[in-house]
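A short worksheet on the structure shown next.
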Amino acid sequence: ATRGGQLTFGRYADSLFLDPVLNDANLDIWILTNLYDTLLQPTNDGKGVQPGLASSYTTSKDGKSMVLTLRPGLKFADGSALSASDVKWSLDRARNPEAGAWNSSLASINSIAVSGNKVTLNLKRPDPTLPAALATFNAAIMPQKLFTAAPGKNDAEKAKAFAEKPIGSGPFVLSEWKRGSYMVMKRNPYYWKKGDDGKALPYLDSVRFEIIPDDNTRILKLQAGELQIAEFIPLSRVAELKADSRLNMTLFPSTKVNSILMNNRPKLNDGTENPLSDVNVRQALNYAANKDALIQVVTYGTGKPMKSYMSATTPLFDAKQPGFPYDLVKAKALMAASKYKNGFEVTVLATSGNADDLALLTALQQMWGAIGVKLKIEQLDAATKTARYRANDFQMRTAAWTNDINDPSQITTYYAVFDNIESVHTGFKSAEIDKLFAQSQQELNPAKRAAQYQQIQSLYLKAAPIVYLYETPYPVAMSKKVKGFFQIPLGNNLFAGAYLEK
Amino acid sequence: MHASYVIRRLLQIIPTFLAVMLVVFLLVRLLPGDPASAILGDRATAEIVERTNRELGLDRPLPVQFGVFVRNLLQGDLGDSISLKIPVLRLIGERLPTTLFLTAYAAVLGVLMAVPLAVVAAVRRNTWVDGVIRAVFQVGLSLPVFYVALQLLSLLGARLGWFPIGGYGEGFGEHLYHLFLPALTLGLNLAAILVRTLRNSIIEVLTAEYVDFARAKGLRSRVIMTRHVLRNALIATITLLGLNIGALIGGAVITETVFAIPGVGRLMVDAIFGRDYPVIQGLTLTFALIVSLVFLITDLIHARLDPRAELS
Amino acid sequence: MTVPLSKSTPPLMEIHNLTKTFPVAQSLLSRWRGQPRKAVQALTDVELTVRRGETLGIVGESGCGKSTLARTLVRLYDADRGSVRYGELDVLALRGADLRQYNRRVQMIFQDPYSSLNPRMTVEAVLREALSVHKMRPATEQPARVRELLQLVGLPPEAAGRLPHEFSGGQRQRIGIARALALEPECLIADELVSALDVSVQAQVVNLLLELQERLNLTVLFVAHDLRLVRHISHRVAVMYLGRVVEVSETQTIFATPRHPYTQALLAAAPTLDPSRRTAAPAITGELPSPLNVPSGCAFRTRCPHAFDRCATERPALLKLADGPEVACHLYDSDGSPPAASLKVAT
Amino acid sequence: MTAPLLKVRDLNVRIPTPGGVLHAVRGVNFDLLPGEMLGLVGESGSGKSVTLRSLIRLHRPPIRMTGSVEYGGQNLLDVSEAKLRDVRGGQISMIFQEPMSALNPVLTVGEQIGENLREHKGLRGRAAQERAAELLDLTGIPSPRARLADYPHQFSGGMRQRAMIAIALASEPQLLLADEPTTALDVTIQDQILRLLLRLREELHMSVILVTHDLGVVAQTCDRVAVMYGGRLVETAGVNDLFHAPKHAYTLGLLRSLPGAGEHRRPLQPIPGGPPDLRSLPPGCPFAPRCGYVTEECRAGEPPLLEVAPGRFSACIHSDELPALKASLEEVSA
Amino acid sequence: MTTMHSPALEVAARPRRRWPKPTLLIGLALLLLLLAAALFPRALAPFSPTDFDYEALLKGPSAKHPFGTDNFGRDVLSRVIYATRVDLQIAVFTTLFPFLFGTLLGALTGYLGRWSDAVVGRIADLVVVFPFLVLVIAIVAVLGPGLTNMYIAVSAVGWVSYWRLTRGEVMNQKKAEYAQAGRVLGYSPGRILLRHLLPNAVTPAIVYLMTDMSLGILLGASLGYLGLGAQPPTAEWGVMVADGKNFMATAWWISTFPGLALTLAGVTFSLIGDGLADALRPRA
């Protein structure tokens, strides 16, 4: 691999807040691990975890404690040593229920003890998701001294100050940030991981993020050589860019699933009868949606039909799930079996300005018209849509999901389990799934856990609380010179191993 | 010069300002959805939403919130951005110069295009030259800005490679170079409006008796055109220019998006969609202030150009 | 044949102390400094009597307040103080329907043949509107009355259907007159009625006015700056200077023996039609002072060849001289006869 | 006899309008002697201004001018632009009726005079300012130096007209063209301006063409009069001759229609009808439709401007039959 | 007493009827074309504007699809035609209320002056110092996207221009002698305002109305770009251009033809505006 040089990466929007614990947005999450390293790391295929700052970990027999061994000589980007106490402090901060939205991923930890380069996590219960959780951005290790030295009265204020000039242990360190315009990360000379030449990673001297909200402009800039990578290529242009000999149009496998959430409750907020509470109707809608056509029209052939509520890249995805293959006859039969033989009208909330939503829904308007369902599209800006959704004030809405953690439990708590957010506010509730899920959360035997998940996925499919659509990849266009860049299924952009060929 | 007038106008801005403040404050809170929804996204649980609202002080009654807002404002504090977590004042300080630069650039380009072309169109009115000039600008005026912007980008930027695609650059020279296309996009639009009025005013001024008097004095046509005709014709146009520059500042949203310019237009739209109340409030007040100042300045320029103008 | 107007003809309109100012915008700074608000002194204590059936000419230089007087009399402007009596009516106190009724009786005709008619209304619409608003005629009789009015002002009936721009200036003035006459007024106030017209056309309109006055027994207030014209058609003439009436007299008298130095200057400045009587020196030097800043005492003193100390301190009142004319000049004050020499007009 | 300063021959001006070509000036011929003050009278629309403007080719296309305006051995209607600019404003100056609209509102009076001095006298800076102040002084504006920095709107009507005269005189022209210079002014100011023009003519030895429709002004200032009607010169005469014995039916009608010519409050004697439409003139004498002396002959063909007495020209077939007027010229101030 | 009847004067022959300038005629002809498309889209369009054709995605112009097809295989020509009605509706509804309200208010405050004028003036100041597009975006965000809310938003802001124009013109006209004549003739203020002043003062507003209509359509397009404009599957030119922007390199026809339609409409309104300015000017 070639060393040196700057890679310019075109992003559609800027990061907001570079604190691993207190941030909420993919805009931050997806680049955060370049700045802050975690004890463990997700593998590039998204199926497992690999060592990070910790070179190894062991779980006790009863599953109630875990011991991690830190690599020797770890340093933060400012050259100061990374010690086990930094780890304890960081994890304690991350699991504080008062801070951030992500603390629940570390909720099983009861206490943390450190000695030398060993970190011992004492758990309340066995937790099969813990390795994945430790490989997640919020469990990043931060320099306690620097953080507490930052100005501010409390953690929130210090976090604000620290996040302006964050120092972590990731392969890069922030060197310049002009909000809304660009961000430069330069090489962290103290990074622990070695490249194929035996010297410390990363290969690149720096990475520069340019913020270019308009898709066309981003592509034009890439084609003009002003960028080496452009993210979020509109799927409609994938084929075109694939044909461009100077570019490497890559579709990174993702955990992204696109579905339509349905309100499963018997009555709507305004008290009217809800046709979607009828499972026949829900299944009919699923069968009547011609996924292959949608994949053609909306994703320009880049997608794959959704078979389970989770993506095929998610651990414990059940490859035998049938999904809902297009079957108009069956759909009609199901409608006939429902209370709504003559069809009904239903309103779907879409995100305004989202071309894919529109394409999808316009196509569905046609498809569902065939079974007498008249689809009305209501476009809302994201905040309004979220507010309506959170108030359960919707019939249907478009939704996309990506995992943040290398484990099926996250999507499952949201999609299938009522307690968290009422099964993504569908109101779907299955006692059986809830029970299976609770068991799986303590099941250390992978095979048994897989079986539990298989059952959950089947039950979910049968209840069809959502309309299964398709999975889509991450479309990233790169100059042919760019090598070694990865966007893992969780969405994290990894620049540590990236380099620019001369 | 007219110090009392300037003072009075500045004083007049105050009530407008107060009203803008109140309207924005209420309007912002009328927006469906709340900052928590916007920043936390779909996944947040009810508790987290509640906690966030508490942290942001959004659980307090509106009058209290307004009181806090006004009190902070009087101390020169516009609050912190909810999504970016940095002071709004700093955010505006970072972004505003870009937009102002772009606007001024566009205005200069617009005027540079409009004046000579309007002169040509007026002098050769009803000939094919006039027709072509008017037709070109008419087409420019009836196409959406983003379309014009993208066409310019793909032609002058990508195809011919004369200009960089998007971005802002460092330093004055690079700004000029980088912002040429966006400024041209906005400038074309402005020029289209200006050419129309300026052409009409020039035609009108050309029939004025003092132009005949100037010709009767035996002056060169260039002197007549610049000293006598243009100066007078610009008087009618300057107010329009002021109004449009005001609109340009607020209307740069789309241009900024297409050309990836980190200006306040884009920031404002993001803030609206992100329900970033402090940013919306701060920006609107800034807009109001700037637009008021632009109007004041155009009035003063008007008064300079037109000694008859009564500043009252 | 002229109608003899005796001096005992009862007054139709009595104007007393009529004053009108137009405040000008004041800058904040000067208001703050407590400077008094400036105002254009358009009319100052105007004293004038209009007799029934007469033509009273009002002359004076531009800006001396002729139009303001005319407009105040028809209540287009509200006077600052003073009184106007019209028969039994206290004109300045009239409101609403009373005012409209008064306006019907006292009509004004305007100077500008181009802007005094609504460009979008046909002659017929103009006249019928006037007829119907004041219920002068029921709708059925209106067309006939329109034709009658047109005939009265010497326009053919086919004029009814046309728009103002299809007429010449003189014809438009006739339409304006017809519009005023539609209300069958007693008194006409004509502000520069023919000033915008060519002499040959002027004569046509003047003839019409003379004729109508006699036929309809109208009282006419004729505001103009053309002395020759005023002399031709007025029974009496009032001369104004800077918002004041400085001399009122029978036409013959005022033209034969002008009393006020300003009247004298005005007459001397008017170019005569006799090329053999040329003068080298101007009749009067200096310009009209600004109405924002009227000289103290006699307003004319700054240009008056006869001015003396008293003129600067004391404002001369309009006094009736023994032989009839009224003059506002200290030269004619009760205390004595004026120095004869100074009264000769420089020629 | 001295050679004429200006010789106008067969001047025609045609103005295209949406309603057809307007033949505004039709075959005008006249000479102007050095130092002479010529009055050009006629009713509104008779073509006075159009004639005056064509003398320095002020009309712009599409207005067409034909004929010749001979000045200094050249035909001004076809000399080069550069040459024309020297004559315009340099040797022939012009002033207009409405000083408010003829002065550029956004330039100070000083700048507007200076402009002329620079163009024709090569004066700049201080020298120009000195000269400008002198010129204002010449036209009788008090404290001229201070007023140079004023804008036209800060002047009164009379002063504006003086300022315009000062601008026109800056280049010390041989000929001053004055288009109704006093119509917008009050009689007392008009009186002052006219006297000023007379005085300046004497002092600077200029010729003046004075356009007016006020016969009184002509009587008081001009040496010779040219009467226009329907785009033609219908009569020219010395001023005394014209007022006492007009030789054209139109001139006679004009003089008769003036108030003061008849008895107090008696009907005036208007010329019936209105001015002709220059887009579609009837054949023959343009005044024929309104003329009291009209005969078949008048309608047959347009009578040419002929010398009917020494130094008197008339285009009226019936010039001999017209009565003298002496008796009726009554005066305003007795 | 002497009676003298002036002879009735003859009135000059009636001038020939003034034909509107060619600009107005061309403008009206184009408008007719637009109206035809708006009223009878079914008759003119070869296909349905909303039907998909998966067999013909992104096909270039051909005999079957003269303007090509879009990413759903919809016929672009048909969509352009069907969009006419929507866009004319946008043109009318974004301007109708501002025009009516602004003009009447302008007439009223211009006539009454004093405090009414001052109060409305302040409100207008308030509206103009708000950045227009941002205000519209905010209002649309409050009320939700879609055309109706866009109309409301534009109306809240758009009346100011009309108010200004009409107010100024009424104040001018008020000084004209015919208006004063009305008062002397004893006409009521209402009559003077509505019958005399307004008809003479409304021309600039009408001329501006034409410009404003094309601005309205453009605003629709801008909001479309931000996803706040017309909602699918409604065909609307601005949104079509916006939707087609991703295909500008590969399927230029998707955005070009609606763009041309936008231009055509702009030219139409502008020609009519220029023509009306001329035709409505009263001849002195």
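Residue numbering begins at 1 within each chain, and the chains themselves are lettered A, B, C, D and E in the order written.
Basically, a residue touches a chain if its C-beta (ideal position, glycine included) is under 8 Å from a C-beta of that chain, and two chains touch if they have at least 3 such contacts.
All values reported here derive from a predicted model rather than from experimental measurement.
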Task: Relative to chain C, chain with the most remote C-alpha centre - done: A
- [ ] Would you kindly say which chain has the C-alpha centre located farthest from the C-alpha centre of chain D?
- [x] A
Task: Between C-E and A-E, the pair with more C-beta contacts - done: C-E
Task: Centre distance in Å when chain C and chain E are each reduced to the mean of their C-alpha atoms - done: 48
Task: Length of the line joining the C-alpha centres of chain B and chain E, rounded to whole Å - done: 23
Open item on the list: On a C-alpha centroid basis, what's the spacing between chain A and chain C, in Å?
Closed with: 89
Open item on the list: I'd like the Å distance between the centres of chain C and chain D, where a centre is the mean of that chain's Cα atoms.
Closed with: 31
Open item on the list: Where in chain E do residues touch at least two different other chains?
Closed with: 4, 7, 9-10, 12, 15, 141, 144, 225-226, 245, 248-249
TODO: Provide the list of chain C residues touching at least two other chains, using ranges where the numbers run on.
DONE: 168, 170, 204, 207, 211
Open item on the list: Quick check: what residues of chain D touch more than one other chain, meaning two or more?
Closed with: 267, 272, 274
Task: Of all residues in chain E, those that touch chain B in their complex - done: 122, 125-126, 128-135, 137-139, 141-142, 144, 214, 218, 221-222, 225-226, 238, 241-242, 245, 248-249, 255, 259, 262-263, 265-267, 270
- [ ] Over in the complex, which chain C residues touch chain E? Could you list them?
- [x] 1, 71, 74, 76, 99-101, 103-104, 107-108, 110-112, 114-121, 129-130, 133-134, 151, 154-156, 158-159, 162-163, 165-168, 170-171, 174, 176, 179-180, 183, 204, 207-208, 211, 214-215
TODO: Within their complex, state which residues of chain C touch chain D.
DONE: 2, 55, 61-62, 168, 170, 198-204, 206-207, 210-211, 225-229, 231-233, 235, 251-252, 255-256, 258, 265-285, 287-288, 345
Task: chain B to chain E touching residues, read off their complex - done: 15-16, 19-20, 23, 27-28, 30-32, 138-139, 141-147, 150, 154, 243, 246-247, 249-251, 253-254, 265, 268-269, 272-273, 280, 284, 287-288, 291-292, 295
- [ ] Could you please specify the touching residues of chain A with respect to chain B in the complex?
- [x] 16-17, 24-25, 98, 101, 156, 160, 163-164, 178-181, 210-214, 216-218, 220-221, 223-224, 226, 381-390, 399, 414, 420-421, 424
